[in-house]
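Okay, got some structures for you below.
The following pair of complexes shares a single chain, subunit A, combined with subunit B in the former and subunit C in the latter.
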Partner chain A sequence: MELSPEVSSALRLLGDASKTDNSTYQAVLSAVSADIGAGDGQEVSQPQPPTSGVVSYCHAALTTLFLESVRGGHSTSVVTSTLEDFMWPPDRVNEAIKKLDSHWSVTQTRLSSLGAFPPHIVDVDWQLKYEVRSSGGEVDKARGAVYLVRLHLDGSANSPLTFTCSLAQLTHMVTRLKQATRAVQKYANN
Partner chain B sequence: MEEVDKILILSLNHLGCEIDENEVSSVGGLDVNGVVGGVVRCVKAINPDCDLPSSLPHNMAQRFRVAAAVAQAVKDVGYPGDVGYQSLLYPNETDIRKIFMFLIEKLPKDTAVVSDEPLNRASLVHREAKRKVSEALGRPWLPAHCCRVVRSHASHPSPVTHYGTYHIQPFSSAHYKFPPHPANVPPESREYYEHHLRRVTSVVGVSRMIATLLNTHAAQLQTSAVLLPTATKESEERIQLETIYSISSDMRAEEKVESKTEGTTETSITPQPSHLALSPFLAATQMVDVKESDKTAMEASSAPVQSEKKTTEEEVRARREEQITALQNDIDTISKKISECTEGIKETESTLVKVSEQMEQEEQQKQQQVADLKVKQKTSSLLPESQANLQRLKAGQKNSEEKMVRLQRQWEEHRQPLSEHLAQLSLQLNNSKTKREESVTELSLLRDKMRAMVQDAARKETALAQLKAQVEKMNKDINRSVYTKRIADISAKVRKQKREIERVLSDTRAIQKEINNLSGKLERTFTVVEGTAYKEAGSKEKVRAVYRAVAGVHEGCSQLVDIIRETGAIQREIADLREQVDLEKSKKVEETLEQLKVDLIQVKKENTLLKEQLL
Partner chain C sequence: MPLTISEDLKAQLSLLTTQNASVLQEFCRLANQYYRQEINPRIYNSASNKLGVQPSQVEDAVRALVFLLIHCTKAKASKLEVEELATSLNFTKDAVMVLADAYTNNEGDIKEYMKSMGVQVPHYNNLEWRFDILAGSRALHHIAEPLITLQLLLDHSSGIQQKNKEDGSGGKCEKILLQTDPNNLVHMTNVLEEALQEARTHHSRRVQQYLK
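Moving on, here comes the complex of A and B:
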């Protein structure tokens, strides 16, 4: 696993029992597990008590290590050997690995939910408007059926997608969509 | 026929025609464009060189030409029946079915080619993508409001797009810098560092923590990758630059004094002009101080400017520019000086090299002369008692010659066995060397073989997995056993029909035989009757009448039989004709004729249009 010099030096500091006492280590570990385990919706409401600089410093490094190991799909043995390279004592390594194991799936879920994906269409409303005659006198142009289509997207943040089209455009779109599904099925089956 | 049509449409869709299987159930349901498109695709699949448009043009005349070309192509492929533009433009079901059956029979059989090449990355990615897509297609649809529930109760983390995207967050990261190592904290911010430094989560927020940390780490990795190789180079450059700084800093010092007089509370040390003598490193650090003090001086000077409004900003800028130009000039002169100095150093170095070479030569000459001197001194000491000394010298020479001979003999004695031994040993060495080389080459060969075999095995395993996956997939979409069953059924039916036909034929033959028998018997009976009647007829008048009647009956009967035969033949003919009529009716001649008329009218119209255009 590749780690930056900043993270490496912080981890070396955290693993050094002579420079970092056990209470600091425990504080770092509990802070990491609290932050990684926090759900998506749970934004911190109360301000966290200010911590000492060493804890913040090591917390950032250890969280980075956890995230990178989950992201790269490294097994715990790789993480163990990395921590042993930083001269960590075995009991601290064991504790950290235990925490990593318990938060593995949550971290994976949170990592996989990061990114840009187009929202899914979950529902559709439509409305047919038939204009017999327009007041402007453009008899040829304005006449005909107009479809108002509203596509609902998932997620409350996304406002529905609305557009109007003529019958020809609608059929064109439908055939194109059919072609697309057929292409996807063909790709999947070959 | 439905079965056949289904298969035909399926194969046409395989070739790339887009026929909706639900709408078109038989070949007869295809329109002109569908027929021509299908035929052209088949012909293209059979003979990829042929160049035919896959759809008909709009112009009627061109339509006919294209249809004729397609028909010719079908004939070229080897279609034995009659085909022309009319069979494509005015299709009737049976003909089209025949053509399609022939063409699809002719299609090249696709054979599963197992590639020997190792799977490259792209194909692996494709396969993975296909797997994912088919997995996604096979997943049941869930109402949107259920996705949330599914996700919160999922036992394992599911990839994102499985159940909606409402929980997706954009990858938004905030700028974050790692706090410094505790050893590097400046004393003035130690209090803050110890007690008030917040951790990353509270700085950027829980939702952005992951993205921020990932981004920061990536940035750190990149900077370390860029900086590390150049770090040593940089330090070298710095050493070179420091000498320049040490020279230029005294000029800056003057400026600083100036800035100090502008009434700031500058507390940094005032460099003395004498620090030309300082070490370059010290000078450099002072240089940095000077820079900072410059900056603070500028800032400080701008403060009173705003408050007291004595000087405007433009003046400050002008002064700054003046300073800059002055400094630039200084730098130019100094660099010129440096270049002069370095040239001088080079020259002196070259002269030094020359001089030391000369010195060496002279030293050698001196040694030679000293040796000469020694020899000459010895000979001059021998000169006084020349005779005795000559004798002694000769005796010594003789002695030494004898000794030489003896020693040579001894040397020879020693040398011979040793040299033999040496030759033997070297021979052995050579032998073992060649052996070793051979074994080494053998070993490397074996190793190569082993590696190749391992690679081969891996490749074959992947191919096996791929083929297995293919087989699994195949079983899904083509139900082979159903087809074979159907084929067996059909062949059984055909056999049964054949038996029936044979039975009917044998029946007919038996009846024919019976008829022949009967007619022969009748003939014979009649001749016998006629003979007896003729004999008797000469004597009796009555018998003569009987004879006449018999002859009449016979004639009438034979006429009747003939008539029956003729009616049979005519009936057969009628049936034939009826069949022909049906066939012609099925060809929809009238409709086709109508269509043809319409087309003809259109062609005429087009022709007139073209004529008008010409005129």
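Moving on, here comes the complex of A and C:
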């Protein structure tokens, strides 16, 4: 796992029992756990004076370690050996690994949502209408049924996306979607 | 029922009533271009120079002619009724024939133009899909997330503008890139299949029969 010199020196400081007492270490560890496990929109913890400078520095470094571990998919043995390289005592190593493990899947989920993705379809609504008249003159009776389809999107200013289609066109669309479903199910079963 | 038009429209058409049939033919051609949104403002200038009037009068006359033809189409007037109306507006005999011909020959175009003036909602054109496995990203390495990428093509323009695109691209066609996961794909497919079922129900058929 690659860590910058600043992060490495802060972690060395955090693990050194002679420089960082146990209560400070516990405070940093619990703050990092709270922040990583917090939902969107929740406020991150703020360190209290008089040690706020050093504590922020260590808090940032430990958070970076946790995030990089999940991001790189490193096993706990890799993280353990990294901390041991920074001269961490075994009890502090174990506590940190336990916290990391407990927040692993939550962190992974949140990291996976970062990035540039096209708008994600989460739901679909439909209406079936028969047009009778319009201000533009008589409606072509041969058109018959008209569907109004609304796609609900996550992560788009254009949500919901609305369009019309005829019965034949909706059939075409459903056929395409069924083809995609079959392809996915085939690979899922393999 | 006899066709009637407002005094304002009569006044705007007065420029045309004094012209001969060939000039009226030109105006009918301009009206045709008007439906297709192809009119170049310079045409008004050249026409106004030839006739010795202001370009704005030419533009008003073309618009009045378009409005007249739309009015007749909305009222579903027969060729005879159009001829009678034209005669009552003091058009010459030849001009009346030209006008009636313009009405009958361009009926389809006029109807398409009227449709384009109505309520417009983007219309489905095509759907392409692609099944991907996301192996990793900058934010998260070593993953295997199934994703379905969809390209939805929607038409924004009416039929008449689609016909005139030489490259056959079909007017304003919007390509929208979307994405979904397997669960939402199955959900979406099921919901839209229900929609198709609804059209085949007894109730829908009754509504359709009633409207025929």
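Going forward, the second predicted complex is superposed on the first by the 110 of 190 C-alpha atoms of A that agree within 3 Å, B and C clash if a C-alpha of one lies under 4 Å from a C-alpha of the other, contacts with A are read in each partner's own complex, and residues count from 1 in each chain.
Basically, a contact is a pair of C-beta atoms (placed from the backbone, for glycine too) under 8 Å apart; a residue touches a chain by one contact, two chains touch by 3 or more.
Bear in mind the structure is a predicted one, so any value in this text is a computation, not a measurement.
Trainee: So, A:R71: does it touch subunit B (first), subunit C (second), both, or neither?
Mentor: The answer is both, since A:R71 touches subunit B and subunit C.
Trainee: Of the two partner chains, subunit B (first) and subunit C (second), which one does A:H59 touch, if any: first, second, both, or neither?
Mentor: A:H59 contacts subunit B only, not subunit C.
Trainee: If you stack the two complexes on chain A, which partner ends up touching A:A188: first (subunit B), second (subunit C), both, or neither?
Mentor: In the superposed model, A:A188 contacts both subunit B and subunit C.
Trainee: Which of the two partners, first being subunit B and second being subunit C, lies in contact with A:Q169: first, second, both, or neither?
Mentor: It touches subunit C, and subunit B stays clear.
Trainee: Applying the touch criterion given at the start, work out whether A:P119 contacts subunit B, subunit C, both or neither, answering first, second, both or neither.
Mentor: After superposing on A, A:P119 lies in contact with both subunit B and subunit C.
Trainee: In the superposed arrangement, does A:L111 touch subunit B (first), subunit C (second), both or neither?
Mentor: both
Trainee: Taking the superposition as given, does A:S9 touch the first partner, subunit B, the second, subunit C, both, or neither?
Mentor: first
Trainee: Please write out, lowest number first, the residues of subunit A touched by both subunit B and subunit C across the two complexes.
Mentor: Touching subunit B and subunit C on subunit A: residues 71, 108, 111-112, 114-115, 117-120, 122-123, 179, 184, 187-188.
Trainee: Note which residues of subunit B are touching subunit A in the complex, please.
Mentor: Touching subunit A from subunit B are residues 18, 129-130, 133-134, 137, 143-144, 147, 156-161, 164-171, 176, 178-182, 185, 193-202, 205-207, 209-211, 213-214, 216-217, 220-221, 224, 473, 477.
Trainee: Can you tell me which positions in subunit A touch subunit B when the two form their complex?
Mentor: Those residues of subunit A that touch subunit B are 2-7, 9-10, 13, 31, 35, 38, 40, 42-44, 47-48, 50-57, 59-61, 63-64, 67-68, 71, 105-106, 108-120, 122-123, 154-156, 179, 184-185, 187-190.
Trainee: Flag every residue of subunit C that touches subunit A in the complex, lowest number first.
Mentor: Interface residues on the subunit C side: 73-74, 111, 114-119, 121-124, 126-129, 131, 137-143, 145-146, 148-150, 152, 154, 176-182, 184-189, 191-196, 198-199, 204, 207-208, 211-212.
Trainee: Mind listing the subunit A positions that touch subunit C in their complex?
Mentor: 70-73, 108, 111-112, 114-115, 117-126, 128, 130, 132, 134-137, 141, 144-145, 147-149, 151, 153, 161-165, 167, 169-174, 176-181, 183-184, 187-188
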